[in-house]
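Letters are used for the chains, namely A, B, C and D, taken in the order the chains are written, and counting of residues starts over at 1 for each.
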Amino acid sequence: MGFRKRGMSHFLKRLKAEPVEVILFLCASSSIIFLFLMLLFIAKEGAQAFLTFGINFIIGSVWETNLDLYGAFPLIYGSLMVVAGAVVIAVPLGVVTAIFIAEVLPFSFRDLIKSLIELLASVPSIIYGFVGLLFIAPQVARLFGISSGTVALTASIVLAIMSIPTIVGVSGEVIAAVPRDFKDAALALGATKWQTIKSVVIPTAKSGILASIMLGFGRAIGETVAVLMVAGNVALIPTPPWNYLSPVYPLTATIAMQMGEAAVGSLEYSALFGLGMILFIVTFIVNTLADAIVKRESKFRSGVK
Amino acid sequence: MSKVREKVLFAFLGIPTAICLGVFFWLASVLLSGFGTIKWNLLTASVLNGGYLEMIVGSAYLLLGAAGIASPVGVLAAIYLVEYAPRGRLTRVIDQAINNLAGVPSIVIGLFGYTFFCRQLGLGISLAAGWFTLSLMMIPIVIRGTEEAVRMVPNAFKEAALALGASKWRTVRSITAPSAAPGIITSILLGIARVAGETAAILFTSCVLVTRGLPKSPFEPVMALAFNLFVKIVALGESPDKVFGIAFILFLMVISLAAAATAFRIYYRRRQPWLK
Amino acid sequence: MSKKANKGISTIAAIAGMLSLLIIGLVAGYYVNAITAGNQTSEFEEDSSWRTASITLSGSTTVLPIANASAIAMMNKYSGVTITVQGGGSGVGYSNIIDGVVDIGMASRDPKTTEITSAQSKGVNLWLHPIALDAVCVVVHPSVANSSHSLNLTLQDVGKIFAGIFTYWDEVEAGLPHQPIVIVVREPGSGTRGTFEEYTMHPWNYNVTTSASVQPSNPAVRTKIETTPYSIGYVSFGFLSDSMHVVSLAKEAGKPYVYPTISSIAKGEYPISRYLYLITNGQPKSGSLADRFIDFVRSKEGQQIVEANGYLKLPYVYPAS
Amino acid sequence: MVKVDIRQLNVWLKGNHVLKDITLTTKENAVTAIMGPSGCGKTTLLRAINRMNEIIAGCRTTGELYINGRNIYDGETNVYELRRSVGMVFQKPNPLPKSIFENVAFGVKIHKMANGESLASIVERSLKEVALWEEVKERLNDSAFSLSGGQQQRLCIARALAVNPEIILLDEPCSALDPIATAKIEALMRKLAEKYTVIIVTHNVQQAARVSDYVAFLYLGELVEYGPTKHVFENPQSKLTERYLTGEFG
């Protein structure tokens, strides 16, 4: 409370001294305001679902619109499964690519290849979905001898392709930020390039790389359109649960598919906002953690430990 | 000899990079393969005659409006954060909020846009609702890009102005902002590129399948490439060859925006010696 | 490079950029509005205000292609009218009419009781205008049945399959392969799904098994069935293909099995058929654009659009106007 | 005894001719100082001795550089072994983001040198050689960044000593340090010369006079004068050297 009071009077003083600063401040705080409004309105619309089902809204395993039964667990599981698959594919590829570009590739190629991979990041998700549906799903079906290629694996592959540029971009930046000094120190001691990468570059950049993976994860779990087009959309936990060749129904796909059908104010409508709430909270936590990792790291660098 | 072993090792490390590039070229070739099937006259033909013109211009309307909202807010916010913000709890919270806003999934932004802009503010399914919703996705990008650009302006420039007795805001206006302008423009372009292909956020907020012409006011709905592509594939189940044209144009539009942003950045980095 | 030069360049670049975008936008807008203005023809009488009116439609994705094509045709014909078509689903079609958000709703099922009560409480009079006839056809992959060995089922058998009571094909009928049944359904809220369940599931209080694959559209179901051995699903009549086997249905055991054809559907012999509707709040005012649009869809030209999209035209003809 | 023998060495960096025809020999167990105004190429010359210039893009080297009678630019030299035997200390202390112990142990580990003698004793010996042991023995696992600047620089020297080099290259090692820390490092250099061949780059004339046995004066990439320190300082052969020593430019 004391903080706010001081803030308020300070604010008013500033308003008189330099009115421009107040406008600037309002712009800067718009992010907080909108984040808060988002939480408020999505919670308001989703409240009915949480009130009706309680904890079963999250752990209930039946999502059946006809019965007005909404247990989101299969959807949450579907999202996690698809994203986990994507992480397994994208992280090794992305991180090694970032290291290769920053440390091994001749200078003249670096910018070109980095720009190409960055361009991949800007391709709209609906294009990825379109290509996934048209070209990747049939290949997956053929390769594994399954009837339909719209399964969790396909969604994971499409998501992985979409996440790689994020991971390459962010970890590339982190690796480029490893001070020249560190590398010189190792090289001058007679370390080979690979030894330098292994024992200086990677350890120094590792928490930044971890943060980039988490950012990629946060992006991936919120991805909607591409996943909807290739995930198969069955609201069931696969049997066995690790069967990547069965269709799943991720959270985001459920919202996009059913929002058009749900009458405003109905329990279904509320349940869809409830899903939005779950997504909001999960990505909020992931992003905050990623930030915390980056900040802790910069403190260690400055010697505070 | 260890040099040889290292070469072999690096060759292996190069495989993932090759895969990533392979994916890029594959994607490009897949989309380019549809190039021949596109009837170019459809680009300038009305939707009423089976063309895409209103969708293309409609998408541009959405993007320009969103940029019109996000650019001033984002740029001013970034200037505040770099030049004015006191070091303290509030500033840290703002900083964190920007990161978190950037991380909100677009479908959640879309849900919020629908319940807040369309219903609460009564904008209905309209261009304006789409502008506000998309601008929420652009603001963090513009802020981060502008912050970086403003930080890169050498202190010596600012001190020179301040030493001459210029006020802080005056210095920002006449020294900092112009010096950072290329970086700011790049960040706005990147923001536009980022939302240009966005589907989930406009799904419930601003688009329709067909109407006549373009909206005559911000309170009318609009046709857009991404939305029409989505509805045509997912809801109407039109065959892929029928929608290839829309997919290709959308791809081309977004890629050229992103490439323009990158080219712009590289060009100005070269011209501004203090950016190393 | 001097600061001053740089400042000049970037400011000019920014202003030039903004200006050129603005000009491009205005020119494009003018151009679009010029080419989208249609030709004036006179089929309806000249004297009314509907020629400059605007209406909005939303609702069922089944009706969407018909509404989309009809709207385009009508806008091409009458230069002043604006017809906006949104998507959604049958649920949205009803709720938007009840909320008064759109002028015409689209639905591929009858209203639910909750929708009727909700309409009554808001004083909305749901007025259904049939525009096309549709049959929901049960289809299986050729690995289950084919033209030499066709499949006949009662509605309750179909229900048992979709409810997961039968899990292997040989439980349904001896002689069919001992293979698990793969079930494909439409998304909840879909009119096709609603009609299907109304006839095959609800009478026996069955619910679709949660292991069913959900597909967002008729073509998606068709593709899924065509490519999935031992699968069963349902599509609108207009989406039948030669790569699927169509099941003949009987209302109940002892009644004849009917194969869906234009005549069997039109005569009401095929058991799962439905109307596609446009919905208004009360009878639309005679001579209003909503009225004209509904008349247009029911006219000869409109009914050609209906058939082109794979649905059956109405068995009776509405007089124009 | 000649330790390093440089013959007609030329280096181009990004097209600039940075070192021009340098010919110079340094003696074993002596401190050789390379001095000259900024931009004269003294750091590049130093980095030529352990081939650290190679990691800079757009670098080209011609000429010969013999260490113990072997030309290190002959294309057969193992550059990693070369850098082990030619230790280097940088202008700014550059400890690795690891603990104090791990910093000293780093080179020993990558060259797998801890045979027989334990890693801990190598670390202890190296830290004693730079007179840092007493100051840090209680906190070997702390981050190297917790040390003061002077301590960090001595740690970097210890790190170089741990891999048994024959030559130590120091690139203006005191430029980021205060006078007390500088005095300690200078004393250390004299001590190191008993065991190693020391080559130091400096732009500080007094420092060169204090610590070196031989001094080379570089100007615009050319070797202007080279000889015993005493000789050069008391009786410079070149007018340019004289003007530099008297502080007219630099």
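Keep this in mind: a contact is a pair of C-beta atoms (placed from the backbone, for glycine too) under 8 Å apart; a residue touches a chain by one contact, two chains touch by 3 or more.
Quick caveat, the model's predicted, so the values are computed rather than measured.
*Asks:* Give the chain pair, either A-B or A-C, that is connected by more C-beta contacts.
*Replies:* A-B
*Asks:* Where the centre means the average of the CA atoms, what chain is farthest from subunit B?
*Replies:* Checked the centroid distances; the maximum from subunit B is D.
*Asks:* Approximately how many whole Å separate the CA-defined centres of subunit B and subunit D?
*Replies:* Going by mean C-alpha positions, subunit B sits 51 Å from subunit D.
*Asks:* Counting only Cα atoms for the centres, state how far subunit C is from subunit D in Å.
*Replies:* Chain centres of subunit C and subunit D, defined by C-alpha means, are spaced 80 Å apart.
*Asks:* Return the distance between the CA-based centres of subunit A and subunit C, expressed in whole Å.
*Replies:* Roughly 35 Å, centre to centre.
*Asks:* I'd like to verify one number: the distance from the centre of subunit A to the centre of subunit B, where each centre is the average of its C-alpha atoms, in whole angstrom.
*Replies:* 17
*Asks:* Going by the touch rule set out above, which residues of subunit B reach two or more other chains?
*Replies:* Counting only residues that touch two or more other chains, subunit B contributes 2, 234-235.
*Asks:* Quick check: what residues of subunit D touch more than one other chain, meaning two or more?
*Replies:* Within subunit D, residues 80 contact more than one other chain.
*Asks:* Could you tell me which residues belong to subunit C and also touch two or more other chains?
*Replies:* 61, 87, 216, in rising order.
*Asks:* Can you name the residues of subunit A that touch subunit D in the complex?
*Replies:* 107, 179, 181-192, 195, 199-200, 203-204, 300-303, 305
*Asks:* How about subunit A: which of its residues touch subunit B in the complex?
*Replies:* Against subunit B, the touching part of subunit A is residues 3, 7, 18, 20-21, 23-25, 27-32, 34-35, 37-38, 41-42, 44-45, 92-94, 96-97, 99-101, 104-105, 111, 113, 115-127, 129-131, 133-135, 161, 164, 168, 192-194, 215, 218-219, 221-225, 228-229, 252, 255-256, 259-260, 264, 272-273, 276, 279-280, 283-284, 286-288, 291.
*Asks:* Applying the document's contact rule, which stretches of subunit C touch subunit A when the two form their complex?
*Replies:* My answer: residues 61, 87-92, 94-95, 99, 115, 182, 187-190, 197, 207-208, 210-216, 224, 227-229, 231.
*Asks:* In their shared complex, at which residues does subunit A touch subunit C?
*Replies:* Residues of subunit A touching subunit C: 62-67, 74, 141, 147-148, 232-236, 247, 249, 257-258, 260-264, 268.
*Asks:* Quick one: in the complex, what on subunit D touches subunit A?
*Replies:* 50, 52, 55, 57, 79-85, 87-88, 90, 92, 94-98, 106-107, 109-111, 142-143, 145-146, 156, 159-160, 163
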